[in-house]
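Both complexes below contain chain A, partnered by chain B and then by chain C.
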Partner chain A sequence: MSGGWLRDTAVAMVVLALFLAFELAGFRSSSLLDFAIRFATFGLLALSLNLLIGTTGLVSFGHAAYFGMGAYSFGLLMQTGAWSIPAAILAALACTALLALVVGALCVRLSEIYFAFLTLAFQMLLHSVISSWISLTGGDQGLMGGIPKPAFLGIDLAQPSHLAGFGVFCLLLSTVALRQVVRSPFGAALRMIRDNPDRAAFVGLSVFRYRLAAFVIAGTFAGLGGVLMSLYVSGAFPSFAFWTTSGEAIFMIMLGGVSVFLGPLVGTAIFLLLNDWITALTEHHGLFMGTILLILVLGLRKGLLDFIMEHWRARKGARS
Partner chain B sequence: MDLTELGGCLSSLSCMVTQTAAGLTIGMLLFLVASGLTLIFGVLGIVNFAHGSLYMMGAYFALAAYGVSGSFVLAVVAGTLGAALLGLFMERFLLSRIYGQDVLMQLLVCYAVILILDDVVKIVWGGDFRSMGVPDELRLPPFIIGGGIVPYFYAILFAVTAVIAAALAWGMGRTRFGRIVRAAAINPGMVGALGINTTVIYAAVFAIGAGLAGAAGALSAPIRSVVPGAGVSILIESFIVTVIGGMGSIGGALAASLILGFTRSFGSIGFPLFVEGAMFAIMALVLILRPSGLGGKRGS
Partner chain C sequence: MSGGRLQLQNLRKSFGGVVATDDVSLTFEPGTLSAIIGPNGAGKTTLFHLITGKLPVSSGRVLLDDAEITGLDRRDIVRRGIGRAFQVANLFPSFTVAHSLAAGLMAHEGRTASLFRGFPPKDIAARAEEVMELCGLTHLAATESRHLSHGDQKLLDIALALALSPKVLLLDEPTAGMGPDERWRMIERVHKLWEARGLTLVFIEHDMDIVFRIAQSVRVLRYGAVLAQGTPEEMRRNPAVIEAYLGAEHAL
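What follows is the complex of A and B.
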């Protein structure tokens, strides 16, 4: 354990306590709870993807595959009726990690550009397996019949307020864990591989193993996001594993910024608000989102937090 | 799985002829899209994730031109030129601003273009399936070779795509423009120092690549349904082609496209549910055994 984890955990616990107190105090409008669950879900997706893009320098365009895998394996396990929720979550994460291990072993050796489109290609393979294996997954209709949510430890996820609290808890736990990963010697090695893979190899690091480990870790946390998503919609749909979901995750990271650890979470919040606003405003969702993205990419050339941080550092530098 | 049926087909001449013809046609259409993708990558160093959208736009432009003129030739010309112009616009105003930046930027710009084009198509042509149908003047009796049926339209498609492929090979291999393009792929700085405007070369290559995708979209409009978002599956197949064939290699792309075309045509008899899986299996095999692809240079 590297330094700072105590502080991180303390901050996380304060945030969780504040959220729960907020809920208990009666601020539980359904739209707020709704937002909290979706924020936890997509926050996990974006935050885990940034371990690949921001920390390791692997631009994956197929991250939603693990999101979908988590959702489907969790949903299918729960529908058997023989699993408790915590056990099913752990099993679903194991399935997701296994998928990430197989795809990662094939992909992380490749150069940047191959990596981006091969991860996309494998994701589309998973998507087409999900939509064509109708007897297991229900095909394009999605996993129907709802997901049973037996209560555990006094937590009843069928209630939106409990689900929101659980989602925020999972997000905070993962945030602390991922921050540990990024700050550990392992994380330092990942950054070195990002900046100069040849040098890392000369120093004696196995670039392949480090990248693969990062890929599996990121995939597993995305799988947890998928589990939350399937709890939220009480089902699973092929669109979870469609390429647009991966695109949205990258969009969120871009909105927030890649260089700041919490950037993806800021991006997730902006993305969700923007998304709701545009959906309410117009049916030409793609046109508006695409245009905003273009302006951001070609205008700012970095995420909002990256931009603000750079500005702030420059000002601080000018004053001293 | 019905491998006995596949075995039966392989031992019957008529079935072989029919499936080979289908495989060649599918493979050549795929080659047009994939060669554009690989050409753009080879010269500009950019993977055009929006390539499938250009294919889709080619199909829609063809549909519109066919509706107005009723001529399939004009439809294909419109699809090709329309997509090429769109590609030119995309290169000049969007992609040229992010040359030399990391893959994330390319990905985001292309993602935005896909979102916008899918929506534009929905606004102009509606979100429903559209089909052009085989044009009346091309509804002629099929060729019968060795008892096997080769639809007339498939034969036309194969001939047209083969001519385009030959023109591409000739243009890249024999003309002055082709030599400049190949030189620019290797050392753009040197080409620029020799007084050649590389900006124009880049734009032209992107437009040609986009035009190839548009041509494939227009040519296949009569036999496939035209729908928003139609470009994604052909994009994925083009990726598989570039992995099997080697990034930047046109010859490798041709070989890989035909392999995938035959996998599709014969696979639909023997293992219809596993056709896509088989394509990925071939790709995984190539990745493990020869990561640079069939036509790629080793060590790249």
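What follows is the complex of A and C.
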């Protein structure tokens, strides 16, 4: 294992310790905990999507399918009453990975625009299955009756403070894992394929296999986001797998930046803060969100972290 | 390096009714340096596409050291030992020079499946450095490919092919788009690489001064077919070649 991996783990542990200390010290206003859980949930969605968009060069419009799949499979397993939370999480991730494998195998051979549309189509297919299979999913009403949350290892996810800590833990773990994926020889292969699939094939890469692997990994981490979401709302709704959820994830990435690893997380924070702030001010919140996003995207022409990093590099270059 | 005989037997390629490669039979002996010339549209690049599996052949055979490679997947053809550089540099724009070569090496050796190591591992980085030294790219190791000059991009393209230790290296117009000085530097570099690695080198070139200076043998294509082949001297005396392509200025 490389040194970078160890350093990331150390940083993640410090962040987690700080967050838990913060909680224990009594700063557990419900809005902070609420934000932490939503940040972990959508951060996972955006960060995993950027493995496809930023690292592999595959613009998927259907990433929320895996978010929804994670939420529903976890929720349904827990409602049987026979599963512990960790086991149900692993099983839900396996289900999500399987879905991503099947959909990915059909999509990743296609070129850009067809890939985008086919991922969108599969997402809408899943959405309509969820909406219409009422006996299983509750249809538009969502999974009814709540999700039982038996305590495990002294962690009681029915308490918001535990759930927030658990969410932050999952996010940090995934961030370290995804960072290692990007930095590994495997990640280098993904970036080669993003830069130049033709030459990548010429030096010996199977473009199909690497794209598919990236698709499955990204889908699985989005599934973990879905699991957190279903824990947060104690249920699951068809909107989790609706195209607007995919669109929000793309917006978050655009806000934060595609070329810097943590860009999507910065974008998630900006998106959630803007959303909360504007929703409190006006009921026309879609109009205001749209305007702000347009100004940011058209004004900076790149994500915030992309913009900052570019300036920083340019200044460093000018000095040396 | 042993081996590296490339044989084309009765190779044909047609696109609909257009015959791009017409019954081409050529042999490139191990360790030789050959040029392919011919007017635009003579089928030179198409020939490279057929050899490397980028295009399927209509009929005929391609053999590397007497083993047939016709119709193999292009990745297999690269693994068997045929490397290729492109007319327009075909690079990984966001990779530095050092990382491009390291990534190419790892992909070639099937070592990119690893999720737990860093990139690039030390042994690979050392080998990438060797290739950079051979190609005179060491001072640009940390430069991203997209920021290289045109000439250095072409050189990196060749280095990328060379990193995979080919027995046969095909260069499609290595000096295309370069000024006169840059051209000669490039061609000296190519000549040095050929000497250092002892590989079978085949290059497409439009500049006749370059061809006649370094090539051991010349193959002339026209309308997809072989018009003539022989030493540079012979080609300069061949009336058909003079008429078809060279014009009076290069004739002897």
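Basically, the second predicted complex is superposed on the first by the 318 of 320 C-alpha atoms of A that agree within 3 Å, B and C clash if a C-alpha of one lies under 4 Å from a C-alpha of the other, contacts with A are read in each partner's own complex, and residues count from 1 in each chain.
Basically, a contact is a pair of C-beta atoms (placed from the backbone, for glycine too) under 8 Å apart; a residue touches a chain by one contact, two chains touch by 3 or more.
This is a predicted model, so every value here is computed, not measured.
Asker: Mind working out whether A:S184 is in touch with chain B, chain C, both or neither, as first, second, both or neither?
Answerer: second
Asker: After lining up the shared chain so the two structures overlap, which partner does A:A158 touch, if you call chain B first and chain C second: first, second, both or neither?
Answerer: Neither: A:A158 stays clear of chain B and chain C.
Asker: Is A:L32 in contact with chain B, with chain C, with both, or with neither (first, second, both, neither)?
Answerer: A:L32 contacts neither chain B nor chain C.
Asker: Who does A:M309 touch here: chain B (first), chain C (second), both, or neither?
Answerer: After superposing on A, A:M309 lies clear of both chain B and chain C.
Asker: Output check: A:L98 vs chain B and chain C. Expected answer is one of first, second, both, neither. What do you get?
Answerer: After superposition on chain A, A:L98 lies in contact with neither partner.
Asker: Of the partners chain B and chain C, which touch A:S132 in the superposed model: first, second, both, neither?
Answerer: Touch status of A:S132: first partner only.
Asker: Please work out whether A:L205 is in contact with chain B alone, chain C alone, both, or neither, and reply first, second, both or neither.
Answerer: Once the two structures are laid over each other on A, A:L205 reaches chain C alone.
Asker: Mind working out whether A:L16 is in touch with chain B, chain C, both or neither, as first, second, both or neither?
Answerer: Neither partner.
Asker: Is A:I250 contacted by the first partner chain B, the second partner chain C, both or neither?
Answerer: First partner only.
Asker: What residues on chain B touch chain A, complex-wise?
Answerer: 41, 47, 49, 94, 97-98, 101-105, 107-109, 111-116, 118-120, 122-123, 232-233, 236, 239-240, 243, 247, 273, 276-277, 280, 283-284, 287-288, 291, 300
Asker: Considering the complex alone, what residue numbers of chain A touch chain C?
Answerer: The contact residues of chain A facing chain C are 1-5, 180-181, 183-189, 191-192, 194-196, 198-206, 210.
Asker: Provide the residue numbers of chain A that touch chain B in the complex, in ascending order.
Answerer: 53, 59, 61, 106, 109-114, 116-118, 120-122, 124-125, 128-129, 132, 243, 247, 250-251, 254, 258, 284-287, 289-291, 293-294, 297-298, 301
Asker: State the interface residues of chain C toward chain A in the complex, per the touch definition above.
Answerer: 52, 74-75, 78-79, 84, 90-95, 99, 102-104, 106-121, 160, 164
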